[in-house]
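Going in written order, the chains are labelled A, B, C, D, E, F, G, H, I and J, and every chain counts its residues from 1.
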């Protein structure tokens, strides 16, 4: 089951660069694990923004929330979730 | 080069059902040709809306505009375009 | 799997009262069937608006879209979908 | 008398983790007491957000305000209140 | 129990002046009956707009909805409802 | 001459509780003096918000501004002012 | 007593050019009478829009509403009213 | 003196294709005359929209308004005007 | 050439009262010099807000920017600029 | 390939003036290098704002993102990107 997830990162001005680097490192590792597991199917950078457009592939809303709330950057993100489904004009039976 | 394109269809109340059906048929054919050509890489229905989330793969802004403005439903759509690029955390060299 | 669905009805000024009554009748029948089937778990009127707040309980985003797009008033509605999940402070294992 | 209440939590960047944990603990206890008392009938997590959708069942606007302003997280929440009533298509005489 | 209700009237361009006059006459009569009954405690015109700010005094959300949906201009109004309660700084025990 | 005034209080996270209490105490005293003087005719709490809906009765825009800018909480408020006048459907000659 | 008034004109697509011309002629005459009377102190066109920025000088909110609702284009306008008063940095005792 | 002007075209659903074509033809001729005269320095299509981003070079706000209000499509456009000036980091003395 | 300029002041919570007073004093002096020079033709306080509505009379966009960016409070202001021109219904040849 | 880029700078209140000056100096140097290289074709100041309107000329979305994210002020900017293409009414084959 697919969801479009849009994440925008807003780090507080008071966060030190070391702290930011450390979180981003963990974020990258976590993001790559979820991609490898097939849960986070696509992630693209929005040109000109500290933001991404992603496609998640999960069993349920709960699984989606668990994955997202586990993001190391989660406390510093604005996240918008849009549930998707098959489009009648798609040529793919199962477009992930 | 990838773009997220979000399209929302708003048919005027005065359009006859025959006219609408005829346009939608042409729309579907056109959409499937662009998918087959690899230009329109993904198209998903937004659950609960007459809208889609799409990923286009084009050579330039001009090509994107030509494809979109050729949509039979183009005069009845609100379209939002977001330029995308590779995300540093993506595990795919070329995530389309 | 639960979704909050908010629907606002906007009938075109050109629709005759007979047409409106006929659609609303079918809408009511359809809504009650989905409630009886346990798919549309709650529906409340928003005080002062031709709108409702609803809770749907479905297997997937696709099922949700199929149910919503089958609403006789669907072409005249603005619909907002929010995916829900269990709240850690809920005292109910399964709050539907 | 039912109200939809949507709460979004925004903790200040300067709050220590200890302080946050302590408030959240009190929040959970308070929320569960109100649920047990039948005042807070439903609470769901919004997938991907530090936010909830809730249904309150109270005698009056005043009682609602007293319950909400007693929330330990109240100073850090954006709250939206929507008064609800029976929907004419509901199959439940009293849908709580 | 008090509610602030803000109503903005938007008559369709296709409505004849006779039709508009007839509805407005019924609206005025209805509004004055509710005022006389103590349900519609205040109604003020917003300077420069075909809109009003009102205070309703009702037993429940349902009663409020019934009164508002009975307005002859109801199909042509945008209505916003805000539940009110006693302010701790008010010098009136019961400020209606 | 009446104005609807809506005030929302946003205290900075850095304000001490003592400071906040002291300002609120002065705010309450000031608000009650203006009510006693007939200038601040109504004040209601918005259910679920640190906000109020008020009706002011003043001689001029200048008097209104002087009263509002004298509020101890003025630097921490978002204020919206709406000029009101007699509604043609009001049953009161002078509805304050 | 001064008010900033911003008016944007939106003529319905169905209005004939004759009808529009006739209303605009009456609008101009009315606007010039109010200017000559000193009530409508300034009127400027917003560059690139069918809109104006105006300063009205009236005795009360009621007088303002009467003047504005008497505009021949009133039914086709979106109007925003902002109450003004003397600025402490103004070098004019009475800046109209 | 430069202005960024953004124009979005919204043709009414009732306009015939002949009428639209005739207006667009005049629009193109008018736009090209202004470009040739150096008044309309740049015009770009927004990819995916019936809209443009333009740079005008005029003597005054009045000249800008006269040029824009002379557009054959003017009654069907939403126009946003932003006054520009030399940027301190520009390497061009006079960047038109 | 006239511009409507709307300025809203937002002082950071961390600014000391001494610092604020010193800036405001310089702001007032600067504002009065520009008024005396005929550049800042009108300035009005918005009732109930730390904001003003102003009319500037300048030779060019650049002059306007230079004047505004020289305001001592400039770093703490949100500023909106609207280019104005003569209204065809104005009875003044040159309404400043 | 052209993009309109709008940048608004928001420096945190806690940044020292020295730090701000140092960043702005690097920003200017970087901006001028990109202009000299033909990548940043136009940059204009928005009158009355710490903001610019720019036209970038790049090979791809990725190149655009790399250039923008390399801006020394990037962490303190809100950036909006709009893909542009040739307008059918442009008299320039290649309007940069």
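Everything below uses one rule, namely that a contact is a pair of C-beta atoms (placed from the backbone, for glycine too) under 8 Å apart; a residue touches a chain by one contact, two chains touch by 3 or more.
Chain-to-protein mapping (UniProt): A, B, C, D, E, F, G, H, I, J = Muconolactone Delta-isomerase.
A quick note: this is a predicted structure, and the numbers were derived from the prediction, not measured.
K.L.:
Counting one step per pair of touching chains, how few steps separate chain B (Muconolactone Delta-isomerase) from chain I (Muconolactone Delta-isomerase)?
P.N.:
The distance in steps between these two chains is 2.
K.L.:
Looking only at C-beta pairs in contact, point me to the busier pair out of D-F and B-J.
P.N.:
More C-beta contacts join the chains of B-J.
K.L.:
Tell me, please, which of E-F, F-I or B-J gives a repeat of the A-D interface, judged by over half of the contact pairs matching in residue number.
P.N.:
The pair repeating the interface of A-D is F-I.
K.L.:
Go ahead and note the Å separation of the Cα centroids belonging to chain H (Muconolactone Delta-isomerase) and chain I (Muconolactone Delta-isomerase).
P.N.:
Roughly 28 Å, centre to centre.
K.L.:
From the C-alpha centre of chain A (Muconolactone Delta-isomerase) to that of chain F (Muconolactone Delta-isomerase), how far is it in Å?
P.N.:
44
K.L.:
Which residues does chain D (Muconolactone Delta-isomerase) have that touch at least 2 chains other than itself?
P.N.:
2, 14, 45, 47-48, 61-62, 64-65, 81, 83-86
K.L.:
Across the complex, what residues on chain C (Muconolactone Delta-isomerase) touch chain A (Muconolactone Delta-isomerase)?
P.N.:
1-3, 60-62, 64-65, 81, 83-86
K.L.:
Can you list the chain D (Muconolactone Delta-isomerase) residues touching chain F (Muconolactone Delta-isomerase) in their complex?
P.N.:
So the residues of chain D (Muconolactone Delta-isomerase) in touch with chain F (Muconolactone Delta-isomerase) come to 5, 12, 14-15, 61-62, 64-65, 68-69, 75, 79-81.
K.L.:
Can you list the residues on chain F (Muconolactone Delta-isomerase) that touch chain E (Muconolactone Delta-isomerase) in the complex?
P.N.:
It comes out as residues 2, 4, 27-28, 31-32, 35-36, 42-48, 52-53, 55, 82-92, 95.
K.L.:
Quick one: in the complex, what on chain G (Muconolactone Delta-isomerase) touches chain H (Muconolactone Delta-isomerase)?
P.N.:
13-14, 45, 47-49
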